Amino acid sequence: MTSEKSVLVQVRNLKKYFPVYSGLLFRRHVKDVKAVDDISFDILKGETLGLVGESGCGKTTAGRTILQLYKPTSGQIIFDGVDLASLQENEVRRMRQRMQMIFQDPYASLNPRMTVGSIISAPLDVHTSMNSAEKRDRVQELLRIVGLNPDFVNRYPHEFSGGQRQRIGIARALAVSPDLVICDEPISSLDVSIQAQVVNLLEELQEKLGLTYLFIAHDLSMVRHISDRMVVMYLGKVMELADRNEIYLRPLHPYTKALISAVPIPDPDKAAQSNRIILEGDIPSPINPPKGCNFNTRCPIATEECFVVDPEYRELAPNHFVACHHADAS
Amino acid sequence: MSKKTIFKLFGLLMVVSMLVAACAPQTATEAPTGEVSDDVFIFGRGADSVQLDPALVTDGESFRVTGQILEPLYQYEFGTTVPVPALAEECVASDDAKVWTCSLRQGVKFHDGTDFNADAVVFNYERWRFTGNPYHFDTQVFEYYEYMWGGFDDDSVITAVTALDEYTVEFTLRDPLAPFLANLAMDMFAISSPAAIEAAGVDYGTPSVGAVGTGPFKFVSWQEGTEIVVEANEDYWGGVPGVGQIVFRVIPDDSARFLALQAGDIHGLEQAVVEDLQTAESSDDLYVLTRPALNTGYLAFNYKIEEFNNPLVREAVDLALDKEGLVANFYGDYGEVATNFLPPLIWGHNEALTDRGYDPERARELLADAGFPDGLSEVTIAEDIVDAEGNVLYAVGDKIPLRIYYMPVTRFYYPSPQEIGTAMAANLFAAGIEAELYLEGDWPTYLDGRRNGTLVGLYMLGWGGDNGDPDNFLGYFFAKGEEPMKNEGWYQNVEVAQKLQEAAITPDREARQALYEEVEQLLHDDIARIWIAHNNTPLIFSTAVEGYGPQPVGADYFEFVTFVD
Amino acid sequence: MDGLIKLENLRTRFHTEDGIVNAVNGVSYEMAQGEVLGVVGESGCGKSVHALSIMRLIQIPPGEIYDGEIWFDGRDLLTLDEKEIRQVRGRDIAMVFQDPMSSLNPVYTIGFQIVEALTLHTDLNKKAAKERAAELLSLVGIPEPEKRLDNYPHQFSGGMRQRAMIAMALSCEPKLLIADEPTTALDVTIQAQIVDLVIRLKEELGMAVMWITHDLGIVAEMAHKINVMYAGYIIERGSAQDIFKRTKHPYTMGLLGSLPKIDDAPGTKLFSIPGLPPDLVKLPKGCPFFARCAYRKEQCKTEMPPLEEAENESHIVACWRWREIQAGEIQ
Amino acid sequence: MEETKFEINGVEDFAVREHRSLWIDAWRRLVANRTAMVGLIVVVLFLLSATFAHFFWDYEPKTDLDYSAKLLPPQLIATEEVDIHLFGTDKLGRDIFRRTIHGGWNSLRVGLVAVSISLLVGGILGLLAGFFESIRMNFWESFILMTLLGFTLGMLPAWIAKQFFQAILFALLGAGSIIFDRYLNGKKKHRLYIFPALGAMLAALPGLMVGPMVALVCGVVGLLIGLLLSKPVGGELFSNIVMRIMDIILSFPSYLLAIAIVAFLGPGLEKGMIAIGVVGIPVYARLARSAVMSVTQKEYVLASHAVGESHSRMLFRHVLPNILSPIIVQATMGLANAILSAAALGFLGLGAIPPEPEWGAMLGDSYKYLSSGAWWAVLFPGLAIMLSVLGFNLLGDGLRDALDPKIRL
Amino acid sequence: MGRYILRRLLSVIPTLIGVTLVIFLFQRLIPGDPAVAMLGERATEENIARIREQFGLDRPSFLDRDALAEGNLAGFFDSQYSRYFGRLMRFDLGESIHRRIPVAETLKERFPATLELSLLSMSIALLIGIPAGIASASKRNTALDGVTMVGSLIGVSMPIFWLGIMEIMLFSVFLKWLPTGGRLPTGVEIQSITNLLLLDSLLTGNFAGFVAALKHIILPAVALATIPAAIITRMTRSSMLDVLQEDYIRTATAKGLSLRIVLFRHALKNAFLPVITIIGIQAGTLLAGAVLTETIFSWPGIGKWVYDSILGRDYPIVQGVTLLISIIFLFVNLVVDLSYAILDPRISLE
């Protein structure tokens, strides 16, 4: 099914390091935070690609770097045939018409001093030459699309609940009819019942507008629900990529397995029988990632090889990529 | 390094600094008493002394102290400006008035125990005069020597000072000098102990060393900015002083000083606001003495302003000022309206001159006659006014608002210059002369402006006498001659200059007096400046003390002060 | 199981500029010794406030516990004076908070903060307390506990901090441990560690645990009893089986429905409860869920349904229409 | 955008809270705050009385002189001899009440103008520093900013030297540095060699004409400057320089610096305003910089970036409105401080030129009559200073609580 | 730690050079000739020229272009600034133009007076401000809180010169309890060790001297302490209120700790961090406020001295004192940062 779709975004060997400076007299570049360390994947037209991982694994950075909010340290992002990294700043700005973002924190991502109307029309101001009446119509329409009362245009963000604000954020992202929407943990700060509302809204919009999503989240079950394919990241690297059912039913990477088993199941019967893999220890710091495989400090099946050689990211089964020395064995 | 180590380091630092402090040289005196001895006279004053080597300084607060420690050959008689012998027993002039022979007082010792003799006098005069003298240090300016004796080395009027014997000194002058004795009596020419100067070198006169002379009091200590302490010289040739110690305490603020007196923190003070004087007069615990006026406050014209060259305008200004009111309000009973530049105390003062009076109506008429029927608020520059760097500040023909500059500091002759200025401006305003009050920076800037002639308008200033000689007043300003005086508003009066030059070398006092009276008349007729007031500076004392002798010129006599039981 | 703590009609409110916020509106239940109680609900449902009310940690003003009784150890906690309640806090009832980062005092060492609690409630001397603190750290699975005692909170990772918090809470072997969303700020793999740890410790120490969370999954696997709260009310209470398998209240149903299922076909829509929870300042007179309920009727608008037994005696629900819904009479 | 209109999920037609902007919210909180209202009333009273007095109550200080009425105690009833003097009279017989009210015009004006100066200069510098440090600029943006900055900086020496082309020179320097910087952009190595080499050469050549030693020294200086320039222009270098200058200003005791500035400019109300204004610059620069840096960290700025908004839009729509409230609070408090400093300068005789009434100067003038019992001449101007400052402080406090609701419960 | 201090000290150097430059710039810009200022009404051209030469005032401020034109390199750099800087490198602050006394010597005498006054004021401010702030925060919205807040607001709004005058009126003139000014009554001697009279008198066991010195210092110290005390009160209160909202305070309470321990052990140490910064800033303000206080109380410190020196154009004094104050200010900042690091384990000094 996925193979029929054409590729919208190609991410190739993307790296994003944040420099760490030190020094009082002269600032010296002492080390890097390797937030995203050589990742590659494709995003297909019309699909939802889920990007999961724990905090600090670089998933948000990856999303922002794809959108050129951060300048990549190296690697390519080819959007519809254009290498974004090679563009000038104003060209990138023009490209933003086609790719938009929904942010994690519905409180912080809306300017508290601006009305909902001006927040949503900001992309219209930048990318279109609509007059103010047209803009107003469009904003009201967008509000209706995301399920808010169009009369709210003159209200301020703080007058809305978290879920409603997230809808405003979605409306802003949709204003210029983008092709790609990067959803950066859009539901993780919402209550359960509201999460479902937003997820449903996103799904419906995708259906109706033919959007492509990169859906970033740490909630495995929700990502599985919404995505077509899933990418699992750990410490700046991609561990596994596969179709959503494939990854859920036949995870190849020990980290993916642990991650899936760690998710509590809201069913007392299943919970009782589940054989949970509990990982030891904590996630290492991305400033000093371990040598060899990133996961070796916590991996239950790590061998000596894992401490020396960085595993290759390979296609083990059709459309199932994994980076583990022992992926076949398990 | 751990936090604990840091704490330890801090502790160590504290201990070390305590040790260092404990081992430091223990400078101060014996075990403190903690009580104010009732033999200590505390005098409050507005500023600290600059230096205790009197030859180096010009300020009255330095002389107030050096006058107690050091003595010149002559001094001014108690309460007058007449020179009388001090360390000299007598000075006699030769017939051509070019050689003065002084016989010295015998048996006098400096505070350091060395003898006072002719060699000491020669040492002091040579030190002042010769720039090559080993004790005439490069960084030192013997300003008054230069000013009173015409310069250093070969410029000096005194061409030789020789010791004829142990107690006889001979001064040889290039030209006759009328005020020779008056000059000799000035505080800056007091004799210091040569031994002390040799020992202290360039530090002589500084707080750590003080000064060593023959006077009634010996230097004890000087805490900069706070107080100078001197103690009675039991061996003083003039008798033992009335108090054991004098403390000259600095309290810069007039009213704080008065409050301190009221609170009993000090026994006497100089300079107070008029209202405090009234309080003091009516108080049972305080009394007021006055220092006879040897000063004049005046309002000067800048003659590069076209309008001021018109005598009618000058007269209008004169008539517009309510001098009686000013004096009554700001000087109280202690001031008097000035009719001469010379205060009445100085001979040469022209008794015949009177104030033109206060007549704003007449002032308006005069202004109208001068061509300003609507009053005067704007003036015209008559000649380029150039600052020290040569920039043209005001060019010919510039119209500027009429200004009246007031002084940013208090002086004897202007006890509260800002308020007096305000009142003057109000007076002028009432007569149609709309002068804006103007402040040209602080005192150095003000003096710079005066020196460069860049105070464009009317400005307040004054003069206090140094030695009671009329030449010290008139000569300084008006004798320079034929060219206009930059530093006094470009005023020019050749006749006055010639008379003053003549007076300066005339030995005969009567003849000189006549000349000075003529000069005063000329200045009065020309309305060169407007003399405002002479101020008999008030001093307030606690009734616990008596015997203080304010001097019109030179240092006050403290040795007669005693406590009343 | 004996009764450990019993709440009767607990009501807590806050006075704010916008009006009185009715955070807890008459909560009554009983906990047995050694029981694990899960309290679930969305933000603002009063689950944390009611726990803080038990500990009397509500700030007064603006907060106010204005009605109810909390019976613990034969005493009503709400009537105790300040000194007596301090004896209860930390010794009998201990609490673990949501954000381990901000819940530990950054300027004191972990050891100091544990020892502080120990010396307060036990007669251990400093040295003994320190040894005990090290034991506690090793109990909660922190390696090299002696060394770690001298560390400051910022030198710990998030999971370790929460372990330290738990060690601190367990220091005096409390009878009841209240865990207020202890894993919300943590990653899933770490959450699994903590859940595992608490269950193990509960077995070892025999204490009761009140686990407050919004994550239905967690309580499903560990809780003996579950309270479902909404707008300051308990709207359903029962065993895990009762709540998850024999759901009665429309809100609980909705919550469960909005969770994605593992066997969803692609494109399956999640069930979603429309609207928002009610404003606690202007709480409706009737059922608080009225505005969002698909089964509402006129009575629901005006009368708050009482908690009544459903099916078995331990399963109670507050809904006028649970029977009709159960019977499938209404859609 | 041609998709059909459709409805999803049913429209939610209620909002959580009633409709009002944050500013209105803040205003309501302010009004509800009793002490802040007291402050506001005091401030408004002072401002109104000063303004009304200035425009509608004739007073000619130049002719105000009446020896007969000098130093009268407060006089509440008019008699044959004396008029009413609510606050008594001073040494020149001037009515203190009248002068206090009129003095308000001057004293408050000093505060307002001084704060405006600090706010404008400090605020803009801080804003730029913060902006440079936190946002990647494009060529034209940094070009315009550096040119403006060069011009502004050039104005100071230009004004002092009275040679106005210096301002243009500085502006060109700013623009030139950006152009050159741009030219070398991406050629890091070149930059590292070219700037120091160029600096050394440019400096050494004229030095050669004088002597080899001079050339050597000039060359070293040029090298150092070149090294400094070899860091990217704009950005952090700029911010560093600005903040260093602010440090220098801050490390002077404020009154001494103000006194020195007044000594330089000459006395007078306007000069006092400048002096106090200059002394206050670093406060606002630091505040603005840190506010900008914290606002630009906010997600909504990132969001505007993601939307494709330009930097200027970002500055005016996101950054400015959101840094406003701390600055408003600081400015209100700063006003209180400026009035105090102005009074202090006036007290030292460095404020208004007499006979213009100004509180500090009135206090300074009359202070010497205190020992003779004229308490009224000192009490009332002092009270005026204290009350007006208190008013601004109360208001500032209230504004802080109103604009930053974090503290409230 | 040692390295950190060293580097901090090094990083202060450019600021200090900047300070000396600014002082010099002002010297060039401020009109008024020191020589004229010194000689007063009697200044003659010759004397002015001589004094200018003696003090190098005839040299250009920074660089001598004329000398450069003549090819005189030494002359080119021989400016007032280079001479001053050269002296500075030899720890020589120069000599007062008016008094011809080494600036360092006078500084040694006068600085302790200002230091003592500032230290006492700061102690008073801390002793009042911190307890008042804590009390006010812990009893929020009570009458006590209200009184403290109003009091501190009045304190912040107080023109200290006016307060000083009022103090003198009340305590010295009306009640006659305390002296009007000065540092020590005449006749009382205190053996000089550190030149901080209170400390010295205690070290030498001179009780009478201590009382006398205390009587003199108390009024100016109180006047000077008013604003810092008020600011510290407000800062302590708001910082305490912030901290009391923190989760770890709730944790501490949940442990069963008493309010007293929660306040003083858990809240105070955290709340103290922002207060330290304010104290550091206030230390600078104190030195600035000393100008006014010292004028009113005739206190022989550096504030009044440097003010007079600015007006008298006594450049070496202005330079010396300003440099000293700047160094102190920067040093206080360093100490503040260090104590910050000591109090807050989250901050590491590399």
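Here are a few things to note about the model shown:
Per-chain residue numbering starts at 1, and chain names A, B, C, D and E are given in the order in which the chains are listed.
In the analysis below, a contact is a pair of C-beta atoms (placed from the backbone, for glycine too) under 8 Å apart; a residue touches a chain by one contact, two chains touch by 3 or more.
Note that the coordinates shown come from a computational prediction; the quantities given were computed from them, not determined experimentally.
Annotation of chain C and chain D: jointly contacted by A, E, touch as defined at the top. Within the contact network of the assembly, the step distance from chain B to chain C comes to 2. Summarising the inter-chain contacts, the pair of chains with the most C-beta pairs in contact is B-E. Taking the mean of C-alpha positions as each chain's centre, the chain lying farthest from the centre of chain D is C. Chain A and chain C have Cα centroids lying 31 Å from one another.
Centre-to-centre spacing of chain B and chain E amounts to 35 Å, using the average Cα coordinate of each chain.
Chain E has its Cα centroid 55 Å from the Cα centroid of chain C.
Averaged C-alpha coordinates put the centre of chain A at 86 Å from the centre of chain B.
Shared interface positions of chain B, defined as residues touching 2 or more other chains, are 253, 259, 262, 441-442, 445.
Looking at chain D, one finds that residues 9-10, 12, 14, 16-17, 263, 266, 367, 370-371 touch two or more other chains.
Listed for chain A are residues 161, 164, 197, 200, each touching two or more other chains.
Across the interface of their complex, chain C is touched by residues 54-55, 161, 163-164, 191-197, 199-200, 203, 218, 220-222, 224-226, 228, 244, 248, 258-259, 261-269, 271-272, 274, 276, 278-279, 282-283, 298 of chain A.
Contacts from chain C toward chain E in the complex involve residues 55, 57, 61, 82-83, 86-91, 94-95, 97, 99, 102-108, 116-117, 120-121, 152, 154, 165, 168. Every residue of chain E that touches chain D in the complex is listed here, in rising order: 14-15, 18-19, 22, 26, 29-32, 68-69, 71, 73, 76, 149-150, 153-154, 156-159, 161-162, 165-166, 169, 173, 238, 241-242, 284-285, 287-289, 291-292, 295, 306-307, 310-311, 318, 322, 325-326, 329-330. By the touch rule above, chain E contacts chain C in their complex via residues 141, 246-248, 250-259, 266, 269-270, 343-346.
Listing the residues of chain E that touch chain B in their complex gives 1-2, 31-34, 36-37, 39-44, 46-47, 50-51, 54, 95, 98-101, 105-106, 109-110, 168, 172-173, 176, 179-183, 185-194, 203, 206-209, 211-212, 295-298, 300, 304-305, 311-313, 338, 342, 345, 349.
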